[in-house]
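Have a look at these structures, which come just after this line.
In the two complexes below, chain A is the common chain; its partner is chain B in one and chain C in the other.
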Partner chain A sequence: MSQGEYPVYEVFGQKDRLAFHTHVGSIRAANPEMALQMAREAFFRRETVVDIWVVPQDAIYSAAQEPAYLPQIGEDKKYRLPSGYDNAPHWKRFKARAMSIEEVAEEMTGKRG
Partner chain B sequence: MDDPIRTREFLDRLEQGDKIEATDWMPSEYRDLLIKQIHMHGISEIMGAYPEKEWVPKAPTIRRKLALNAKVQDEIGHGQMLLRLAEDLSRPYGRGREALMDDVIAGRVKFHNVFHMSAPTWADAGVIGFLVDGGAIITQAMLLDSSYAPYARMLKRIVAEESFHMQHGESVVLALAEGTDAQRNMLQEAINRWWEPMMFFFGPREMGRGSQRMMEYKIRTLTNEDLRQKFINRYVPRVRALGMSIPDPKLKQDPATGLWEYTDPDWDWFNKMVRDNSGPMSQARIALRRYAHEEQRWVREAVNHATQALAELPGA
Partner chain C sequence: MDHETREALIRLITPIADDEWIVGHRGSEWLGLAPELEEDLAFSSIHQDEMGHALYLYELLHDLGEPDPDALVYARPVASWRNACFVEAANGDWAATVVRRYFYEMFDRLRLEALAHVDFTPLAHGLKKIQREEAFHLKHFALWMEMLAQGGDEARRRVIDAVAAVWPTLSDLFDWGLRDDVQAQLGLPPALALKDAWVREVRAQFQDWQLPWPGEIPTTMEHNGRAGRHTPALDDILTTMRAVRVIAPESAW
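Now for the complex of A and B:
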């Protein structure tokens, strides 16, 4: 790094209190406080966020450089997914209807998922 | 004693529907209630994997084995995520994951009554997915609105994964209900075993002081009885649609209020079981946890030593 060059910080923003922090990009800054200010000016001029995280880039270990650490794809994983189970026609045979977790969540919180 | 002005400000935040983060100031009572709730929830996820794991090698087809194994992985994963939250909250007490896990083995933390019971047939494995997960989903869906943001966020992930558990449990139950007389009998017997534990699952009609305070702090939003009524209301018609009966002669819905009358579970027996770990399978499952936690501690320590030794190598 040449003298006067700042370290890189990766920037994450949180849209609302119950959202996960999401990566939005990166900036250079002299220190974490400056990085937060820079991140605010660079990425959040329009949309509101309730929190910003800045993380020194060299603190991040990425699996993309070592594919062995990535989840395996390509094999059949339908048995792990709700869509892997077609229960509706079976419930219909018993004159009942299939139930989804979304409708339970809606009943319990009064909100549409 | 907490600062009354800060406590007032905190309660105002809750009143406005604001959510609390791990790093925010909070009254010690709020922190302690959360630790108790999330610790017990996390440990119940982990202990809940045991009755199901027993059925992985005995499940009838390779697809059922894969699915059940996937579910066991999910439950352990949920336990890990929840224990992380309990650890963050326990920071002022200097207690980390090792200590939170020691509590299970020493009997200092309770876990859900249903995981103290035995699952003697394949139908039990199905009914656990159908009724126990069904009940847990109702409770967890309520917590999506919790005032403690890290808990509510984690529940979003957990509930999304529970969606598969729900469909999987129903799929096993439906296959048995569509099967031979022997399979249908096996299903009925499993329902007979699990109904009373499920009535206990949601807790006493009159909530204890801690649960009431959790409502006031908006950690939870519904009473035990609200949750139980919602469970009965959803599952009684489903069980009956399968041509199965519910082992409760008192079960009746009031047409005016929509509320269900039901036979109380044996509160004393179940309370004693969760307090003393005296259920049919309590000790056997705690022994498995002790083996995983204590007997394997040297492996966790060895990895720490190895990482440290590598960092100290010249040129590292």
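Now for the complex of A and C:
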């Protein structure tokens, strides 16, 4: 390993199997395995997670460096907003009681049919 | 539970609790001084775990008729402590700390496996949680060993020097501190088997890390913590640990 500062790793934790990995902060570490160990101790001493990700910061391409890449959603793009669908309650129930995808579909088509 | 079994369990658990407590205390001495911020957090957290394990075991001892944990820690004479001299020695530099902690964690893993044979439910219950945490501790210090062993000339030299320095002080770690018949009765493997298993595991990892093997572990030791024959280092620890207690015995924490 070369001398100098350790690389920065961004840390993500997943609270349960259905949750997204959520960014919680960053740490420095000598290598990915140590980064995982440090992430566990720095961010997850008091809470349970089912998974931890560490991502080398320089592996992340950020849009903020090139403002042209940043989306500008204005009133004129209303046609892109998915209004008219009301699936949210179904998904909430799906998450809450582990229905199968078929049951969700049945429920949705049943209500509409 | 008959008197004899109770005595055997007290004699079995005391050295383990004392090891964990002293390791925890020595670990706390690095607070704010570890080589990096992240390690400072991890190192403190690991040693909090160790103190937690010790507390669990001291409470078990209390249930078996021993004084309460505070009395065991703050009022017990030095000669009644049963931790290995190996864990009471001063920390030294970071490489020496890593070497000591790696050696201890490997030993602790094998000891925990051996303890699974002991038929005492409250112990078995606590061991489950302890084992999960210790598995992480071992991985952490093994990774540090690997990084230092392969991290350039100075780191490597410091690890090799530290190994050579602690090698002659290892042997009381493997002593159960029990009479042979009691040890067999509890279902525990002999100290020699524990030591052999440790040598096998550590030697294999030393090979991976290309560290020179220091040879046989010397067995003759002037001191033996399991018999209460400690080095002056334990006095130092207890004096520091009890400083506030001595000034103000009734102070609330």
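One rule holds for everything that comes next: the second predicted complex is superposed on the first by the 72 of 113 C-alpha atoms of A that agree within 3 Å, B and C clash if a C-alpha of one lies under 4 Å from a C-alpha of the other, contacts with A are read in each partner's own complex, and residues count from 1 in each chain.
Here is the rule we go by: a residue touches a chain if its C-beta (ideal position, glycine included) is under 8 Å from a C-beta of that chain, and two chains touch if they have at least 3 such contacts.
Just so it is clear, the model here is predicted, and its values are computed rather than measured.
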Inset, instruction - Tell me which partner A:Gln57 touches in the superposition: chain B (first), chain C (second), both or neither. - result: neither
Inset, instruction - Mind working out whether A:Ala30 is in touch with chain B, chain C, both or neither, as first, second, both or neither? - result: second
Legend entry - chain A residues touched by each partner, larger count belonging to chain B or chain C: B
Inset, instruction - Please work out whether A:Thr22 is in contact with chain B alone, chain C alone, both, or neither, and reply first, second, both or neither. - result: neither
Inset, instruction - Kindly classify A:Thr109 by the partners it touches after superposition: chain B alone (first), chain C alone (second), both, or neither? - result: first
Inset, instruction - Would you sort A:Met38 into first (chain B), second (chain C), both or neither based on which partner it touches? - result: second
Inset, instruction - Would you mind listing the overlap between the chain B footprint and the chain C footprint on chain A? - result: none
Legend entry - chain C to chain A touching residues, read off their complex: 36-39, 41-42, 45-46, 136, 139-140, 143, 147, 150-152
Inset, instruction - State the interface residues of chain A toward chain B in the complex, per the touch definition above. - result: 17-20, 79-82, 84-85, 87, 90-91, 93-96, 98-102, 104-105, 107-109, 111
Inset, instruction - Write out the stretch or stretches of chain A touching chain C in their complex. - result: 1, 3, 6, 27-31, 33-34, 37-38, 40-42, 45
Legend entry - In the complex, chain B residues that touch chain A: 18-19, 21, 63, 66-67, 70, 137-138, 141-142, 144-145, 149, 152-153, 156, 159-160, 162-164, 166-168, 170-171, 174-175, 177-178, 221-222, 230, 234, 237-238, 241-243
